[in-house]
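A, B and C are the chain letters, set down in written order, and residue numbers restart from 1 in every chain.
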Amino acid sequence: MRLIASDPIYLWDLIGTFVFGISGVLLGLERRMDIFGMFILAFVTGVGGGTLRDIMIGSIPVFWMKNLMYIFMIGVSVVFTLFFKNKFAAHWNYWLLLFDAIGLGVFTIIGLEKALRFDLSPTIAIVLGTMTGSFGGVIRDVLANRMPAIFQKEIYATACVAGGTVYFLLNGVMAEYHSWVVFITICVVIAVRMLSLKYHWELPKFLS
Amino acid sequence: MRLIASDPIYLWDLIGTFVFGISGVLLGLERRMDIFGMFILAFVTGVGGGTLRDIMIGSIPVFWMKNLMYIFMIGVSVVFTLFFKNKFAAHWNYWLLLFDAIGLGVFTIIGLEKALRFDLSPTIAIVLGTMTGSFGGVIRDVLANRMPAIFQKEIYATACVAGGTVYFLLNGVMAEYHSWVVFITICVVIAVRMLSLKYHWELPKFLS
Amino acid sequence: MRLIASDPIYLWDLIGTFVFGISGVLLGLERRMDIFGMFILAFVTGVGGGTLRDIMIGSIPVFWMKNLMYIFMIGVSVVFTLFFKNKFAAHWNYWLLLFDAIGLGVFTIIGLEKALRFDLSPTIAIVLGTMTGSFGGVIRDVLANRMPAIFQKEIYATACVAGGTVYFLLNGVMAEYHSWVVFITICVVIAVRMLSLKYHWELPKFLS
């Protein structure tokens, strides 16, 4: 079963799950979790955002119960990370961030379009797209007992909001080219995220 | 769309969302979160309890997806708090606690009556009223990585239980005056909460 | 209302809720929570895993809303623990771990069979059985602001997975003896859990 008909989205959805899973395993390694703990942390990171979305809009059973590929991708992310863990710090960091940004973009569009199919308004669709993209990491951080990175670090969830806004602006002028709207939205999320990492963009903090 | 037909409740529901939102922003400021982090924290504090209630009883999509006023009130709470943040410590603290108590009372009655409309028993209705009133703050504290205040501080959730109990007692003797039952229930929650703050009432702790 | 028709399972379900509740109260005592805080912690520990399962598969309202015995058992666990709290460290520890293991086994089979009744695949059924058995403790630990024990300590969730696997293997060869399949599954979970405690079995941790 596929979330969205178009194959490229489904493929990137699985890749996003895989990459988000890796970030869970890496945090699990840092916290000296055992291998099953790492699997659970990878699992909540990879599917947590979409699960929260599905529960809130009433799309049940939640998506990963109807397609075992998601759990499979989480398993692959655990094996992959443990195999290459000594390489991560040195060579893989850039690629990991890039794939994470791609996953963020794809998860945002998936959440957004799923909300629309449930007849929700554009504002709520952007909220759910952002939630799909970023709340897996929030649950990961809560379970590892640290304050979620999303609250302090570089622009992350904001990239989802930017992408979602562009999606609806484009839909107003070129709704007939839906694939392009989707593609550009994903690119906006990725671009905002990667540029904020490169130039250390941060949102204002209002310290007193 | 309104949760309950009567306008005063709806108005106080929005005010409760606003005040609970403020408590999220204040904690976000303390934890040096960026502005979007503060918005998310305000959001979970303001609508988290009701969201949990709606998910558990199957009222989906959850309430804030059908009425954008809730998200708007959260936005207002962020702007308001940042604008007046230097005034809070000095002058606003009492008013904040008072409005928080009002929000607590209103959220309790909303949760309670929603449970009844879903054909749940009085005991479960009290549980859900308490959850609606107090679990937004629990999620806020978990996301900010501290032990929820509800577990240790002055009487808080207990005020919801007291109000819920009074609600069913009154319903046994004066069910035909529904508005009065609602009004008195809210007053009981507010009174228990404010008196416990004034006189530092605490529940027993059984330290060994 | 009963989750599963057979009485022994229902009885052990209540006992599991009671024992899981105790572990919540004990942590609440350690964290100097007040009595209502302890009740909430006992509540989330006792019914949290099953609640999460019910929400995700769409079995709403969740199970404890339709049968007050669960809330009653939580209340009993609070009174019981506070009454005997000075005895726990010395004499009760072994019995507590044994009953916890029994609760784990029973919760696993309940989650597993409920998933099957919702037409989910064996893999998802094992995931949901494991979640039912072990996520109450995860929520307990998150609310008490510590990293969930499940991520680091002796084998716990793994016992659920082992039991779930045995369940489907047995179902392949002796499905007609359903009571026996259930009984053996529960015994496998208990045995794996108790043996891992006795011999300090741990899963590999891949420290670098």
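Quick notes
Here is the rule we go by: a residue touches a chain if its C-beta (ideal position, glycine included) is under 8 Å from a C-beta of that chain, and two chains touch if they have at least 3 such contacts.
Since the structure is predicted, the reported quantities are computational estimates derived from the model, not experimental observations.
Interchain contacts join each chain to each other chain, per the touch definition above. The rotation that brings the Cα trace of subunit A onto that of subunit C spans 120°, given to the nearest 5.
The centroid of the Cα atoms in subunit A and the matching centroid in subunit B are 30 Å apart. Residue positions 55, 58, 142, 145 of subunit C each touch two or more of the other chains. Per the touch definition, subunit A reaches subunit B in the complex via residues 55-58, 118, 120-121, 123-124, 127, 138, 142, 145-148, 150-152, 157-158, 161, 202-208. Across the interface of their complex, subunit C is touched by residues 28-29, 31-38, 40-41, 51, 55, 58, 60-62, 65, 68, 71, 82, 85-86, 142-145 of subunit A.
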